[in-house]
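Listed below are the structures to be examined.
Next come two complexes built around subunit A: one with subunit B, the other with subunit C.
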Partner chain A sequence: MNTRLTCDVVVIGAGMTGAACALYAARAGLDVTVVDRGPVAGGTTGAGEGNLLVSDKEPGAELELALLSNRLWAELAEETGERAETGRMIEYEAKGGLVVASSEQGLAALTDLAAGQRLAGVVAEQVPADRLRDLEPHLAPGLAGGVYYPQDSQVMPALAAAHLLRVSGARLLTGRTVTEVLRTADGSVRGIRTGHGDIHAPAVVNAAGTWGGEVAALAGVSLPVLPRRGFVLVTEPLPRRVRHKVYSADYVADVASDSASLQTSPVVEGTAAGPILIGASRERVGFDRSFSLPVVRALAEGAVRLFPFLSEVRALRTYAGFRPYMPDHLPAIGPDPRVPGLFHACGHEGAGIGLATGTGHLIAQALGGKAPETDLAPFRPDRFEEEAA
Partner chain B sequence: MRTELAVVGAGPAGLAASLAAAARGVHVTLIDAAEDAGGQFYRQPAAGLGARRPRALHHQWRTWERLRDGLAASSTVRHLTGHHVWCVERNSASSGASGRSERSAAFGVHALLGRFQDEPVTVHADAVLLATGGYEKVLPFPGWTLPGVVTAGGAQAMLKGGLVVPGRTAVVAGTGPLLLPVATGLAAAGVQVAALVESADPKGLVRRLPALAAKLPEAAGYASRLLRHRVPFMAGHTVVEAHGEDRLEAVTVAALDPAGRVRPGTGRRIPCDTLAVGHGMLPHTDLAETLGCRVDGVNVQVDDEQRTDVPGVWAAGETTGIGGAALALAEGHIAGRSIAARLQGTAPDPREWAAAASSRTRLRQFFAAVDSVCAPPAHWTEQVTDDTVVCRCEEVRAGTVREAVHGLGAGDLRTVKLLTRAGMGWCQGRVCGPAVAGLAGCDLTPTRRPFARPVPLGVLARTDHPAEADHTTEEGPS
Partner chain C sequence: MNPLELARAQPGPAFTVTLDGREIEALPGQTIAAALWAAGVTSWRTTRGEGRPRGVFCGIGVCFDCLVTVNDRPNQRACLLPVQPGDAIRTQEGTGHED
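Moving on, here comes the complex of A and B:
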């Protein structure tokens, strides 16, 4: 079947980022088509978790984007469309995060981090050791203290991508691989080519996640997006025993002390459906899908250390995904000055669910020629060009 | 625990392989979740229940006796019962050589035992044979979750366990050769079998049956037994609905047209209190997938020696393709001989297993022919109403799956699961996988299940893994 379509903007990628770009672009009045080689959420969006965290980010551009994004997530969750309440459909929960430290040294590092975050607008409440169990009754004894972050929330990523796409009203074309970014004689974008025909549009958004570098290459530009593998463990369904997102701050101290043997620092969280999610590991092993028992054991160890009762709880499954990361750990967001009409929205590493709304919002502003709400300079897609040169 | 060969699965394939390898001097550890050897086929009547005439049910009883006695007499096969293998791990340090220390063992076979399956045991082995068999495939239809509806295998197990109550009325339905022993077995145990409903096209059956019967004398035996017990055989029919308030009271059976659609107006109600239903079998491939073995379609791929493409890993029996007990025996025998030679550093001589190889060829052809005739109706999903539960663990209905595909853009088993939860429960999609694939119109691809059994986090978290001590991970919460 050959189709020829025309629209205002083509979004490549039906993951969380593409869905959010489609939503905000459509709301800005643009006619949007989303294309994916697989189904909805078939990429990293369907292989990770849905933490919307501000707690794990140091003050700077990423934290600003996270704060904007969390505000937008909360707004979306409140919306009641004609068909259903978005918040419930995407399993949005503003449950808050609790970061705990096991040593005085770790607590000092965490307290420092929180102080800086507060200045950037993060709500961070110090929790003394003897109050930790008020928040999390099943936490291990002997912890030094922690910080509570009420803004940390969560969604179910695949549902969020699917429902944002649905409410956007954008045209969704799955099962179509983009093989070419079409350009005019002067080099600007005029559409894309797929195995099922061409789609003409003056703007193309690269929301291809971990494969964003390949899509950029189709437009003749380089974008260094690389895979970083992560495993998640899922337990049997349980009655709610873990109330917040809980993770250990020890990695903050480890980074500060430049320790050689770094630890996995899994986030432990209950879900609306009952299972507890434990994730996630981080490794740079390319696109290697093979199962690694040692990595999963490390996750389990970290989780049991925080919540001893988990020792008896069964893991039902585990899965792996590939975070899209860029060398400076910041995403590429905004117009590509090298190719007029090409916009990038990829490379969000371990925060692409959380940062999706802000990213979509900023992309829609850029598509509409408006001044972006936050400075896009740190996310410039061509920022690595100079280094290479 | 240290062994040369770890065999997972003590069914016909695993038993034959263990004995064949042991006869060549290999130290074998045979591991099975069940309390007794025998697998699905030779599952013994539970001691004390006094099941009558096991010979009548177990036609290859003598083969079984030989295997059982061989196992009991063997001093080199250690049989671990009640061991649920949750993962077979390939140790990266070693490359399948026959080193002796635990550290250099090529594989760690991780099992759970005890009443609560929470005691960890690891068997370290130089070579592994996967003989985990298969499991039943059941497609949903309205009413299929009513008490009284059982799988064909469930009925067979009830029979072999001596738990069948004579005087009841049963319908046996679905497709495939398993239905025959189930129907004749039930009838012989005094159950009134009101119908054997096979969806295969009668013309195809008539065309193929004589050839099939010639290849497998067993089939003719079943046919005569069906006649003797006056079991009505309804080919080209399917059960479209099971009825009942709290439990099964009747089924509606209808005729199929050549395209595999239900013919309107042909529905007929048959009262019964048991419906044994099966749509064939699917191989267990979890352990193989996790080891990285090639799985083609739904079968673990093996070469003429039953080797997978992962060095040191063999597979035999139904995990490599559904084909009955005799085929499993032949494959197991070949695997055992191949493993013995390879572990001893020699190339095996295929002439050693010429007889097994020729029955393997014959039986594979036979089952390929069976497969070409016995298939669920092409349009079975049309009978599945939107409110029919498809995933029993998570109670996901057909309408929800359809909405995920047509309304939300799901396109494969994984994304349907993510958007509906179908396949996320205890069985991890083993039961509902074929149904969801059918409803979604996608291929049934083996789902990755790194844990073949649920495993306690405390077992995972144990820190005494010397081989893994050098592993470092990176920091960060997400």
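Moving on, here comes the complex of A and C:
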């Protein structure tokens, strides 16, 4: 079928970020079409864990975006749709995060981080070693202490993307590969070309996740989004034994790391559906999807160190995905000054589900010609070009 | 052609297993799911949320719909687990774990 469509904005990518961009743009009164070469949540989103975290971010632009996103997620969760409230549909849980340190040295670093985060508006409660089990009764003994972050939350990412797309009312075209970004003689965006025809629009949002660099290239610009592989181990369903998202203080250092080699630090959380999810590994191996037993073994070992009862629990499966990272670990959000009409909303690394709402909200403001509520300068899509020059 | 008929297969002698204490016959080489199907049982688990019945969906180990408790170990995939003489199969409710 060949179709010719006209709308106000085309969002490339039917993942979490694309869904949030579509939702907020539609609510701003824009006629939105979302296209994806695969299904909804079939790329970066479907392989994520669904973390909405403030705890793992150092003070700065990303933390501000996380706090904004956190508020927007809470608002969305309370909306009531046709079938049920959004929160239930997307398995939203404001369950809080508990970061634990195994050594006094680690605890000192964690305490410092929390102090800075508090100044930025994060709620962070110091938890002495002898109170950790009040929060998590099955936690291993001998930990030095921790910090509790009540704002940390979770959603089921595929459900969340699908639900936001549905309630956005945007036109959704899956199974359509974008082959070209159409431009006028003066270089402005005028739409996209797909295998099924052209879609005309004065604005195009690149929400292609890990493949955001390829979409940018179609518009003739470079955007250094690269894949970082992460595995998640899924246990059999259990009654609720892990109440919060619990992770080791080492995780924050791993997230910020520039090393290409494998890093794992235990991140353990129960889910509304019953299984416990165990992360988190990070390694730069390109788009290699092959299973790695050493990585998954390291994840399991780390999780058992935090929660010894897990040694008796069966792991049912694993999944891996590609976290889209940029060289400075910040996403690209906002208009691309090199191509009028082109907007980027990608490169969120492992934080894209959490940051999706804030990203969508800011993109909608930018699309509407308003001054965005948060300064987009740190997220400027062309920031790496300047460095290279 | 009927999936319950053995398509020219010549399995060894049948043996007995139990489903919730009731004896059923199984053939060597069958999975737990195949033995249950052959005994006319198509559901052996209820869902965690709303207690809905579940049995084989994909049949190839991918969907985790056919989870069952075998020899006191919950959450095993009936479609992949070979049946052994004397297996005590139990229908599974919810997570299969006591809370």
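Note that the second predicted complex is superposed on the first by the 373 of 389 C-alpha atoms of A that agree within 3 Å, B and C clash if a C-alpha of one lies under 4 Å from a C-alpha of the other, contacts with A are read in each partner's own complex, and residues count from 1 in each chain.
Here is the rule we go by: a residue touches a chain if its C-beta (ideal position, glycine included) is under 8 Å from a C-beta of that chain, and two chains touch if they have at least 3 such contacts.
Worth saying up front: this structure is predicted, and the values here are computed from it rather than measured.
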Request  = Would you mind checking whether subunit B and subunit C clash or fit side by side on subunit A after the superposition?
outcome  = clash
Task = Using the superposition on chain A described above, determine whether A:L165 touches subunit B (first), subunit C (second), both, or neither.
result = first
Request  = Look at A:L316 in the shared chain and tell me whether it touches subunit B only, subunit C only, both, or neither; answer first, second, both or neither.
outcome  = both
Inquiry  = Once the two complexes are aligned on chain A, which partner has more residues of subunit A within touching range, subunit B or subunit C?
reply    = B
Query = Which of the two partners, first being subunit B and second being subunit C, lies in contact with A:P239: first, second, both, or neither?
reply = second
Task = Based on the superposed arrangement, let me know which partner A:V295 touches: subunit B (first), subunit C (second), both, or neither?
result = first
Query = Which partner does A:A273 contact after superposing on A: first (subunit B), second (subunit C), both, neither?
reply = both
Task = Name the contact category of A:T174: first (subunit B only), second (subunit C only), both, or neither.
result = first
Ask   = Which partner does A:E49 contact after superposing on A: first (subunit B), second (subunit C), both, neither?
value = first
Remark   = Clash check vs subunit C: of 62-70, 368-376 or 422-430 in subunit B, the offending stretch is 422-430
Remark   = In subunit A, both subunit B and subunit C touch residues 236-237, 273, 314, 316-317
Request  = Enumerate the contact residues on subunit B facing subunit A in the complex.
outcome  = 87, 89, 118, 290, 292, 404, 407-412, 414-415, 418-419, 421, 424-426, 428, 448-451, 454-458, 460-463, 465, 468, 471-478
Note = Listed in rising order, subunit A residues that touch subunit C in their complex are 236-240, 273-274, 314, 316-317
Query = Along subunit C, where are the residues that touch subunit A in the complex?
reply = 48, 64, 67, 73-75, 94-99
Task = State the interface residues of subunit A toward subunit B in the complex, per the touch definition above.
result = 14, 38-42, 46, 49, 51, 53, 55-56, 158-159, 162-163, 165-166, 172, 174-175, 233, 235-237, 247, 251, 254-255, 261-267, 273, 275, 278-284, 290-291, 293-298, 300-301, 303-304, 310-319, 350-351
